[in-house]
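Structures incoming, each one as structure tokens.
Across the two complexes that follow, subunit A remains constant while its partner is subunit B and subsequently subunit C.
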Partner chain A sequence: MPLKLVRVDDRLIHGQVVAVWLRAVGADRILVVDDAVAADPFLSDVLRLAAPPDVPVEVHGLAGGAARARELAASPEAAFVLLRSPVSALRLREAGVRFDVLNLGGLGAGPGRHPLHRSIHASDEELAALRRLEALGTRVELRLVADERPVPLRSVDRAGGPAPDVPDATR
Partner chain B sequence: MAPDRPARVPVRARPRTLLPAAALAAAAAALLVLAPAPVLAAARLPLAPASPGAAAASAITIGPLQAFLVAFGYYLSNSPWLFGLAYFTLFRPLVAGLFVGLILGDPAQGTLVGATINLAYLGFISAGGTLPSDPGLAGWVGTTLALAGRLDPAQALALAVPIGLLGTVIFNLRMTADSVFAHWADARAEAGDIDGVARMNWLPGQAWLFLISVLPVFVLAYQGTDVVLRVLDALPAWVLNGLAVAGGILPAIGIALNMRFIFRGAVVPYFFLGYLVMVASDLKLQIVLVAAIGLVLAYLHVTFVTDARRREVGPSEAAPAGLRPGSEVSAASAGGSAAVAAASASATPTGSDAAPPRLTRGDVLRSWVLWTFFSHANYNYERLQGTGFAHAMTPIIRRLYRTEDEIRAALRRHLVFFNTEPNVGNVIHGAVIAMEEQRAAGAPIDDDAINSVKSGLMGPLAGIGDTISQGTLTPIFLAVGIGIAGASAAAGTSVAGRTGNPLGAAVYLLLIGVSVVLIGYLAWTQGYARGRTFVTDVLRSGAMERLLTGAGVLGNLVLGALAAQAVIVFLAPTVSLYETRLNLQTDILDKLFPGLLPLLLVVGTWYLLRRVSPLRLLALYLAISLVGAFPFFGPGPTNATDFSYSACTAALLHPYTACTPPSPAPAASPSPPPSPLASGAASPAASPSPTSSAAPS
Partner chain C sequence: MRPFRILLVGHGKLPAALLASAELIAGPIEDISAISLHAHETPDHLAAAVADAAGRDRRPVLVLTDLQGGTPHNVATALGLRDPRLACVSGVNLAMLLEAALGLDRLDGEALARLVEVGRAAIWASSWRAASTAPMADGAEAAAPRRRPDRPDLARRAS
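This part shows the complex of A and B:
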């Protein structure tokens, strides 16, 4: 089954994910792809234990995660992919993982990070990755919880809108 | 700490968020203008025939002092001043209703109205800095307008829900402005001013919140009733009925939103059991008894299903290999005040002191108290609870660090983005305090180690914490409180035909207050004593799974029972079979399966919520209610006091009760009169005359 949802959220599994997204998208499995988390056995463990008991959580680094995501997309399982950074999303896409929509959840503020929408912030590097994703045909939507209306990236990112030769991202 | 923006700002600045806010304000204001008028119009009308003496009980006039108190109450419901409990108490319409009732001199009716409004917010959850709707505003303003206009509770609910949407504008204004104050706190941190950081977490944010809460609510409460009362009488009677129909249907959304958390897996049948038990008791069973039965069933289910399965699978399955508590190197550095002694033994003294500073029990508790009060005092889009975390750390920083450089670094360290569930998530604070203590004692703990505990745990603990506190405990306790608040309806004698019971709000307050504070205290102290591995220890022990499964059993049973009482759908039309006129509701549906329609509605709403947003569903249900109340099959009610059988059966749906045919001898009626408990208001509303509206024989 194609990936149910690919979401970037720097808190990974938290209230919105457990409470709303998981049920809204109807996922059987959560795939967390992040090098730092995968390298930290304690955090990996917490993530595995924090999800509802009936939803298994896998934690992978970027390299293994891309392969696993492709595998899950071809399997009958409905997977929910969680990433910490838009840059990881671009890496996955470039590694051949297909997803038409990238969901942006909470991304914290910090030095050099620009506010996009509510609690979603991004650095220049992350913005470039998001624009590249849109150019590759992935629609980037900003949406904290499933009950909200999605905000398209270009409505908050006028300066770096998609190049004119890019196919319509809203298809 | 201000983001150094490039010359060409590639993204629109934050004020963007004001645009949708303004649009929402306009939309909500439009709703507000549309909704309350008819609702208020209906105010006294269904009540009028209930008792002739009720005419004396005219609308309550709201004076400026009362309006201010209501506005101040609404401010308090978002403020930190109630030991962090405002969100769980005054913010809930059940509790707001009690206090509005006290302010306006009718706590019983206030509680009943608040309890009814709360039905639409049973599944309310605010996660990660989002607010889908504002139950606080719905509760405070909705109850005020309802009491002032002598609305019946069902109509008050239809009025309050659009008001709740208006509240998201206030929330956005607050979350946006508070980001600015976070930078003021940064400036105090750079100056090494511990008290200044603490002050910046509450003073500007609360001054702003006070302004944007009190002003609009004062105006709404003081002027609102007059304005809407003036628009009275303009609307046809069927529209008023339509809003009351909506008041019976909208609780299905609140209940279904909550079902998203608990209506799954092996505990699903308990929802139907609760529903059926309540229907079987003719809606008379006390919710408290249902909850007591639920506790018994929860114990049985956890013991004979959950535990049995765990034994089969074996606990090792839950524990990923290579991760036993204490086996990793970082476990020692990540917390546990016991490790402090070892660390300090080898520590090189820091600062000017020879002996490393130690925290007292008072420091740790003071920090907990500050967090409990002020975690959301300056809640903002940029850092969410970031300044609240720094505020909570002030007693720790003051004790552990002496030099200005150390203090500045520590304040900076804790002013960054942070967000978790503020009770269960306290494990993080406890563990971080222990790490700070070791660091001050010279242990090699750098900023990254502390940040990784905060940023790594805040998400998962928010997920667990929200599920426990907002998703499970709050709705169960609310259901019990709402049940008690309205349970005395069977003996209802007020002008509305029902009397609310303030005890319902009081019981809820006690249950939620004690649980939340207890959870927060335990998480904090255990996190400090045992470090971050406390989280994995607890999760691996299976205690959380048992707790949540048991709560799922109890929650489903109570929610099912409440759904039977609170969701009201009555088909009005009759069908003719030769000489016999059969009413679709009383003669056909009620004979086949009493309570079938509300059950279908609730389960159908739960199903729809996977695809449709609650807001769209709300609009859809309002439209269905209005269409359902339109008199397709006859002349319909001529005015709002027209309760004749022909007027009742002219529409598809009827509020309050099923249509009862005029019978000279009610006792001979083939169908029993509907229970007053089933209705959102007076059974006389649908009855041809007050005399036939007596309680079921």
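This part shows the complex of A and C:
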């Protein structure tokens, strides 16, 4: 079936994901797609131990992950795709993986990273990837947990310029 | 003296509150630390705090975390994969904590399996008896939840 959710979260599998999102989207398999994680067996082990015992975790690099995501989308399985960067999301999209919505759930702060919404920040390269995804027809929403109202990318990225600092009224 | 340290690691105020509640029941508990992940702290902060509390000597450390897959558990699991002194168990509740603090005299696979069993056995719906007198809405056997399915995955992790 179509991918249940494609989410960018630099912590990948953590409390919000296992306690809220897996349940909310009804996924029965997690696909982590990231070249650095796939190349690190230690990190891959930590991720496998982070998921509930009945939810298998697969870790792939970008090339293998795109093929696997296309395969899962055509299978009866309900898969949840986790990425660490919007750039990976664009690569998947360009490799023919279909997803109508990209969920941005957590991207850390740092030098050169613009605050977008709550704990979501993006570099210039990541913003460009997000704009490109929207141009390709994927709606980008910023949402940490499932019961929050999704914030559309365009409301925090006006005119495609540097992102404004959005005050956090929800904390 | 207990031959291992205990670290309670979790989200927000839970670790300190759980420790305070355990001490309310059992009196002062020695050799235990409560470490929290607060909003806007990074996993790296937490890893440093846990590594610091685990100490630099050779004593084993039992890390009890609040949620499997949560950042506190992931951080502790990652440290435990690198440092065999650390043993991690998720889903800590008061019963498990009291067993760890008062009931264990060593930290091995058997002890970890016991902690998992005690923590799980403490979860019980007192209303099952009442529910068993009336058919359940979905027609399921009222006694069905009493079953404790074997969890080979947990046995494997505990060993």
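Following the convention adopted for this analysis, the second predicted complex is superposed on the first by the 160 of 171 C-alpha atoms of A that agree within 3 Å, B and C clash if a C-alpha of one lies under 4 Å from a C-alpha of the other, contacts with A are read in each partner's own complex, and residues count from 1 in each chain.
We adopt the following convention: contacts are C-beta pairs under 8 Å (C-beta built on N, C-alpha and C of every residue); 3 or more make two chains touch, one makes a residue touch a chain.
Given the structure is predicted, the values throughout are model-derived calculations rather than measurements.
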Checklist entry - Fit or clash for subunit B plus subunit C once both are placed on subunit A? => result clash
Next on the checklist: Tell me the contact category for A:P2 with respect to subunit B and subunit C: first, second, both or neither.
Outcome noted: neither
Next on the checklist: For A:R23 in the superposed arrangement: first (subunit B), second (subunit C), both or neither?
Outcome noted: first
Next on the checklist: Just to be sure I read the superposition right, which of the two partners does A:P41 touch: subunit B = first, subunit C = second, or both, or neither?
Outcome noted: first
Checklist entry - So, A:P115: does it touch subunit B (first), subunit C (second), both, or neither? => result first
Next on the checklist: Is A:D147 touching anything from subunit B or subunit C once the two structures are fitted on A? First, second, both or neither.
Outcome noted: first
Item to check | Which of subunit B and subunit C A:D157 touches, first, second, both or neither | outcome: first
Next on the checklist: I'd like to know which partner A:G96 touches here: subunit B for first, subunit C for second, both or neither.
Outcome noted: neither
Next on the checklist: With both complexes overlaid on chain A, does A:A50 touch subunit B (first), subunit C (second), both or neither?
Outcome noted: both
Checklist entry - Which partner, subunit B or subunit C, touches the larger number of subunit A residues? => result B
Item to check | Common interface residues of subunit A - those touching subunit B in one complex and subunit C in the other | outcome: 11, 13-15, 17-19, 42-43, 45-46, 49-53, 108, 119
Next on the checklist: For a test of understanding, state which residues of subunit B touch subunit A in their complex under the given definition.
Outcome noted: 1-6, 8-14, 16-17, 125, 127-130, 132, 175, 179, 260-261, 264-265, 318, 320, 322-323, 328, 330-331, 334, 381-384, 416-417, 419-421, 452, 455-467, 470-471, 532-533, 535-536, 539-540, 545, 610, 613-615
Item to check | Residue numbers on subunit A that touch subunit C, as the complex places them | outcome: 11, 13-15, 17-19, 42-43, 45-46, 49-53, 108, 119, 171
Checklist entry - In their complex, what parts of subunit C are in touch with subunit A? => result 11, 39-40, 42-43, 67-74, 77-78, 81-82, 151, 153-154, 157
Checklist entry - How about subunit A: which of its residues touch subunit B in the complex? => result 9-20, 23-24, 26, 37, 40-54, 105-106, 108-119, 121-122, 124, 127, 144-149, 156-160
